[in-house]
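Just so it is clear, A, B and C label the chains in written order, and each chain counts residues from 1 on its own.
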Amino acid sequence: MSELLQLTGQHLLIVAIAVTIAIAAGVPLGTFAHRRRRLGGIALRITDVVQTIPSLAMFGFLIPLPLIGGIGARPAIVALVLYSLLPIVRSTLVGLDRVDANVREAATAMGMTDRQLLWGVELPLATPAIVAGIRIASVTAIGVATIAAAVGGGGLGTLIFRGVSMVDTRLILSGALPAALLAIAADLVLTQVERYFARRRGES
Amino acid sequence: MNRRTFCLLLSALCLLPSSCHREHRPITVGSKNFTESVILGELLAQKLEAAGCPVERRLNMGGTFVCDTAIRAGSIDAYVEYSGTALTAILKQPSTSDRARVDALVRDAYAKRGLVWSPPLGFNNTFAMIVRRADAQRHGMRTISDLAKVAATYRPGFGYEFTERPDGWPGLQRAYGLQFAHAPRTMDLGLTYKALAAGEVDLIAGNSTDGLIDSLGLIVLDDDKHFFPPYDAVVVQRTGLESRCSSALASLRNTIDDATMRRLNYEVDGKKRAVADVVRELKLR
Amino acid sequence: MIEYRDVSVLRGGTAILDRVTLRIGKGERVAYLGRSGAGKTTALKVINGLIAPSSGDVVVDGTSIAQHALPELRRRIGYVLQQPALFPHRNVLDNIATVPRLLQWPEERIRAESERLLEQLELPPATFGARFPRMLSGGQQQRVAIARALIAHPEIVLCDEPFSALDPLIRAELQTLFRNATRDRAATTLVFVTHDVREALRIAERVIVFDAGRVVADTPADAFMNHQHPLVRRFVEA
């Protein structure tokens, strides 16, 4: 039981770190994509391609790399960041796009600088969409993090892999069920957060 | 096509299985998912093909239990297993270091499961508890018992099987009275050597015939309490294989010794050569 | 105050504004009148730089638009569009406080002036101050938009058909409120775009008629009914 708790803690930790980094990188990237359409389009295309790489292959690519690779939690976190970027970048972009053009025009006409417009109007109004992207990224990350065990990253995947090697269904489930429950819980909690922000932004 | 032709075809199809001798049906060769097992699987496959038996390769399948389940279900027809593994992990019998007894026990038990436990290939691949040579010198470690000196600080790193098997970590700790402070990190078996060399872990459970031990500056600790049973490599095959093919496998008896296996492993793991090429070049005694 | 010097705006080969030359003095109340697509909205938007002229020059308060620091200039110009475009994530008082906060007014002054304006526009601040835009009707939202545009005592007020989305009864009511709210700011220059003649005559002292990007008539409001330009006659007869 204590091993399960420890592994669950490990699992949540690498997901939390990865998603936080993805938010810190993804929201600015999405904002940039919104402002500079062409360059932004390229950034979006790249994150799109990254997302299509199968997760085990991604972990495999990262192992031999010098700084970000190796074995353990580090390549796992790097891979998770890469997978979490696309939903967040995309949802930031869409959220900003959906801001009413009239509201944007009024804000500009009132004399807001581009930065004041972004921080005072656009980002607050885009927040529910951004949180939706964070929700998707988190739920995905919890699933992908099970592969981290293949490279020594720990987490609930450890139980799954051990179970597969022993063809021990009970052991497999002891890892798979908590992972699934974590994903569901994350989805529920973040949906509530999303709703809270939508209410505050006057959209309910 | 008219009704008569259709019926003829249908009945011909129905007759086909019974008239289809094993010689037309390819023999499926499996292997576990580490280098040595893949090499041995390829060896079986090439030997069969040389004797005119068509082969389907299912190498790199998974671990011990995946292979065992597969051969009992008939998804594969042959693979190489290790006597100690068969005894303790598959048959769940208590471990013993009496080689002859192990062999007899396993042969009988396998016969009851419809499997032939033969021929032995001629080498023993036991679990090797491996540490970095520099560390071994610093702490004066030569045997597994010496691990008691570092049990408080060392971080073990194992593949998935060793962590769970009764003849693995749990049994080893109990037999040697060791209590490691750190729980083992688990990862793909192949990565454990990398992890040890990189300093991410301090103790791994490799195989005594692994090719990379010397080249990475590692040493194997001696099993002074003889915890591990013998792990003689033996071909496991389903009964009823066509005699030509069965003979081809039988001709592999005692053709590979420890040194040869280690060399083959190094060719693939160290020199990064293709398994099929390495096996093809092999001249057996 | 506002001067158009041979201003043209081209979009995809068509001249939305075609060599417009105009002068609007300080404190004048002007209506831009015309059919849809005549260029009156574009003529409005070059004043606060929302649209840049393709050729010619727009001069506001002595300085060319091209030389103005636009955010600073815009804080001196009130702008009301057809849609209220209130910030949905801020309540009524916070919406109105937008430009004063950009100008860093003290909060007590902002509050006092907001409440006064809301009273004048018949939206009691005690009831409406804390409400969010989604809780207001279209007419109420537009009143808040007007308050938001007027609170910082802008030197110029630009309106782009602000009442055309509202029903006729509300429209008349708001025209009155708007006229009263802007009447006591004698030094404010007002440019009001509309396609409704009556509205133009109620609110403005001078009517400029646009057609196909050109100014075809420019007349004091009380002389409008007698103006002889064929387009003006059509407006009068409608």
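Rule of thumb we're sticking to: a residue touches a chain if its C-beta (ideal position, glycine included) is under 8 Å from a C-beta of that chain, and two chains touch if they have at least 3 such contacts.
Worth saying up front: this structure is predicted, and the values here are computed from it rather than measured.
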{"item": "Path length in steps (a step moves to a chain that is touched) from chain B to chain C", "value": "2"}
{"item": "Farthest chain relative to chain C (centres taken as mean CA coordinates)", "value": "B"}
{"item": "Innermost chain by mean C-alpha position", "value": "A"}
{"item": "Interchain centroid distance [CA atoms averaged], chain B/chain C, Å", "value": "84"}
{"item": "Whole-Å separation of chain centres (CA-atom averages), chain A against chain C", "value": "45"}
{"item": "Chain A-chain B separation of Cα centroids, rounded to whole Å", "value": "40"}
{"item": "Multi-partner residues of chain A (at least 2 other chains)", "value": "none"}
{"item": "Sites on chain A touched by chain C in the complex", "value": "100, 102-103, 105-113, 116, 121, 124-125, 200-203"}
{"item": "Sites on chain B touched by chain A in the complex", "value": "62-66, 69, 157, 159-161, 163-165, 183, 185-188, 191, 194-195, 198, 200-201"}
{"item": "Complex contact set, residues of chain C against chain A", "value": "48, 50, 70-77, 79, 81, 83, 85-90, 98-99, 102, 132-134, 145, 148, 158"}
{"item": "List of chain A residues in touch with chain B within their complex", "value": "3, 6, 63, 70-72, 149-154, 158, 161-162, 164-168, 171"}
